[in-house]
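What follows are several structures.
The following pair of complexes shares a single chain, chain A, combined with chain B in the former and chain C in the latter.
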Partner chain A sequence: MSQAARALGGLEGRRLLRHPLFLTGTGFVLIGTAYFVRSSLVEATVAWDDDAWTIGAGFTFLGLLAMIATNLAALRDRRAGAVEQHETLPVARASRTGGLLLGVGWPVAACALLFAPIWLFAASKTELSALDLLHAVDTLALIGTLGVLGVAIARWLPNPFLAPVAAWGLILTSPAEANSRWHALSPFASAESVDLAAWHLVYLFGLAICLAGAALLRDRAPRALVAVIAGFGVAGVAAGVMLVTACPGPGRCQI
Partner chain B sequence: MPDLKLLAVARTVPWLPLGIATALAVVIVAWPVKDPGPTGLQAVAILLASAGGFALDDPAGSVLAASPTSILRRRLLRLLVVWVPVGLTWALALAVRGTDGLEETRTLTAMFAGLVGLTMAIAGVIGRRRLRGGAFVAPALLALLFLSTVFPPRWRPLPMGDVPGGLAQITLRWSVAAMVGAVVFLASSRDPAAR
Partner chain C sequence: MEDASLRVEAIEKRFGSVPALNGVTMDAGPGITGLLGPNGAGKTTLLRMLATVLAPDSGTLQLLGLDPTRSAERVEIRRRLGYMPQEPGFYRSFTAFEFVDYVAILKEMTDRDERHREVRRVLDAVGLGDVSTRKVRALSGGMRQRLALAQALLRDPDLLVLDEPTAGLDPEQRLRFREIVSQLPHRPVVILSTHQTEDVTALCERVVVLAEGAIRFDGTPVELARTAEDRVWIREDRDDRAVLSWRMGDGRYRHIGDPPPGAALSPATIDDAYLLMVGGTADREGVAA
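Right, the complex of A and B next:
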């Protein structure tokens, strides 16, 4: 990454943290946390799986809103009618895309900071397993992947209507009680075993790399195609393992 | 019959989001499902309403702000141009997909009206500060619908699923949302220069 991309990454990251959509998403996380705290104070025993789902839902909402925020950030020059003006800058367009992609790291880091005290509080109230820890890391990876998806959508389909549509699409296709095979590939899938959760994490990382490469590919950045292929390969292998493990036969999947 | 110059207004409307929403609505309605519940039509309502949020995006807004035509009149003309075809698309989706009876049709239509009202309220408020606020309408609507799920079903203001009281309660709440949205839209369309 060029020096300009790193500098832009810091700038975009700080702007994302102040974005009204990110702040709204943080509000949802706090509401979800308040529900969990209330449960832990009212009920004699609490379990992360049964009582902390509100926190997970809050972070999922935050991820979707962060995706729209990164999309709007990537489309800022179009909204301002400054695309041609920016093309005259000495910094390549790929560096600006790289900056946007690096900027996604800031919301992820902020979410990790937000998650840490919640996790410590939960640990003081209930026993947390390795699977719970993987789900927590998965949530952070999800926010990063969705943020990168927002940039990729903006680069390939530059219309501000499409990121909210993608958000609704992800919500409406998210796993429910009766899941089909393809639900295992939803970014929101919550694996029921440590192995599957680990593979889901690898799947999200692969997906993020693939999407970041796709965003840079639009700007003809060097090695972008390699990133797309590598990310697609990693996500594909993880998806294959998840499908074979979670859906051994025809019918419903355990994910 | 006054000459409303609707074609001239239509030329300045960003139609791409509405085109995308209509294309997706066709796919959703035509998608073969064993048990067609209301989810598909709810998705169509959200899509169409979100896309309609771009109706107030006027590239000539800053020039026309100085014209004798009031902001309310200019906005109503834009709404007329956009919401008539959107309303027809919604009616067509209802007719093709079908519902479980008149009560469900009424409820879904109240939901669509509520979403339209909220969309116009958000677009109206944002449009006072930005000439192209449409991009922020769909995310704001999404956030509002998220926020509604935080409330227990008994108090949920914008129910997408079942609530105590059944379809009558859902219809009532979305009708209230439509009215509140309309009032906020009208309030946001006051002439900024009026004293």
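Right, the complex of A and C next:
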């Protein structure tokens, strides 16, 4: 990745953290956290699985809003009528896309920082398992994947109304209960065993990398970079196949 | 040694069935070259080619001694190019500083401290240093024009392409613009497209008049004015023999064309020459009187 892409990544990342949509999503997380804290103070015992769903829902909304924010950032040139102006500059469009993709890392890092005290508080109130930790990491990976999806949509379907439609589509196509093995491929799916949760995590990483590759492919990125991305993508696909094969065995994967 | 010039030879460009440029040939070296022409003359098409975003259908183009049709050379040209489009696109939610900083990254300035110094330098140069923290959406039209100029000045370009940079500026802002462009430190090749003949007179060492996709004149502003010598006269009433005439502030009429015998000739200006040259092709709204 070029130095310009890294510099752009920092600039885009900082802007994403200040984006009203990201801040709104953070508000959802705080509300969900407040609900969990209240439960833990009022009730004698709390269970992460049963009582922390509000936090997960908050992060999910944050991820969807982050997706719209990254989409708008990726469409900024077009919305401002600056596409041709920027074509006259030496940094290629692929580097600009690379910068946007790297910028997604900032919201993910911010969410990790936001999550850390929540996790520590929960650990002081209830016993947390390796599966719970995997679910937490899965949530962060979900935010990154959705952020990358926002960029990919902007590159292939450059219309600012499509990301909100995609966000609604993701919500509506995720049923409350997993009644088909294909539902294990939903980014929101939650595996009920450590091995499947790990596979879902690999699957999300692979999906994010595939989407990043798709975005870069649109900008005629260097072939070597696309080949590396494709390699990681294969791992993601393999994980997806594994999930589809194993889910939804009795109680093994939920949405 | 680096070639600090541009050469355009027999360039042709069509958009569908509409010809935009018909065999344009010109060259330019360090200094300011004005490009005058009415709307639809092909100025912006030519400037987009000089800015490496549009390729000609035929003909050859050499910018700073490099061939923009070759990918590697095009990137090198872009490193040394500053471009201010006719309608610059701004990121309205950015501050002035952030916007220029963003463009600076796209100009491969990846060292943060060095880049920020350069951003402050160009913002100061265009007189926006004091409003650098203001959002672009809160800047006036004139300030935005200067912001567009600031981004074009990043890294002291060897080739500066300015497409109607003074459009919409008030007289004071136009004078400020002239001051900035005339004081560029290392004499880059500047191509200045404009409707404002006053800017050409004040700034340009050379002027090229483009009309209907072809070059009508290429020379100094004085030579351009000279083409209308003995073809400008003043009378108390309108003379139908004039190509163009208008009523002046003192109530008399200024005419340009072939004067009748015994007419009271008046010294020609660059405006007169330009109007004569583009004749009926001129969209007169765009011509400064």
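What we mean here is this: the second predicted complex is superposed on the first by the 221 of 255 C-alpha atoms of A that agree within 3 Å, B and C clash if a C-alpha of one lies under 4 Å from a C-alpha of the other, contacts with A are read in each partner's own complex, and residues count from 1 in each chain.
FYI, contacts are C-beta pairs under 8 Å (C-beta built on N, C-alpha and C of every residue); 3 or more make two chains touch, one makes a residue touch a chain.
In this text, all values refer to a predicted model and were calculated from it rather than measured experimentally.
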With everything superposed onto chain A, say whether chain B and chain C fit together or clash.
fit
Report for A:168: first if it touches chain B alone, second if chain C alone, otherwise both or neither.
first
Return first, second, both or neither, reflecting whether A:4 touches chain B, chain C, both chains, or no partner chain.
second
Given the touch rule stated above, what does A:61 touch, chain B (first), chain C (second), both, or neither?
first
Between chain B and chain C, whom does A:31 touch in the aligned arrangement: first, second, both, or neither?
first
Would you sort A:154 into first (chain B), second (chain C), both or neither based on which partner it touches?
neither
Quick check for you: in the superposed arrangement, does A:90 touch first (chain B), second (chain C), both or neither?
second
For A:196, select first, second, both or neither according to whether it touches chain B, chain C, the two together, or no partner.
neither
After the superposition on chain A, what angle is formed at the C-alpha centre of chain A by the C-alpha centres of chain B and chain C, rounded to the nearest 10 degrees?
70
Superposition result for chain B with chain C: lowest C-alpha separation, Å, rounded to 9
Can you list the chain C residues touching chain A in their complex?
48, 51-53, 75-76, 78-79, 81, 83, 85, 87-92, 98, 101-103, 105-108, 110, 112, 115
Given the complex with chain B, which residues does chain A contribute to the contact?
21, 24, 28, 31, 61, 64-65, 68, 72, 75, 79, 159-165, 167-168, 172
Taking the complex as given, what residues does chain B use to touch chain A?
16-17, 20-21, 24, 39, 43, 46-47, 50-51, 54, 132, 134-136, 138-139, 141-143, 146-147, 150
So in the complex, the part of chain A that touches chain C is made up of which residues?
3-4, 6-8, 11, 76-77, 80-91, 96, 99
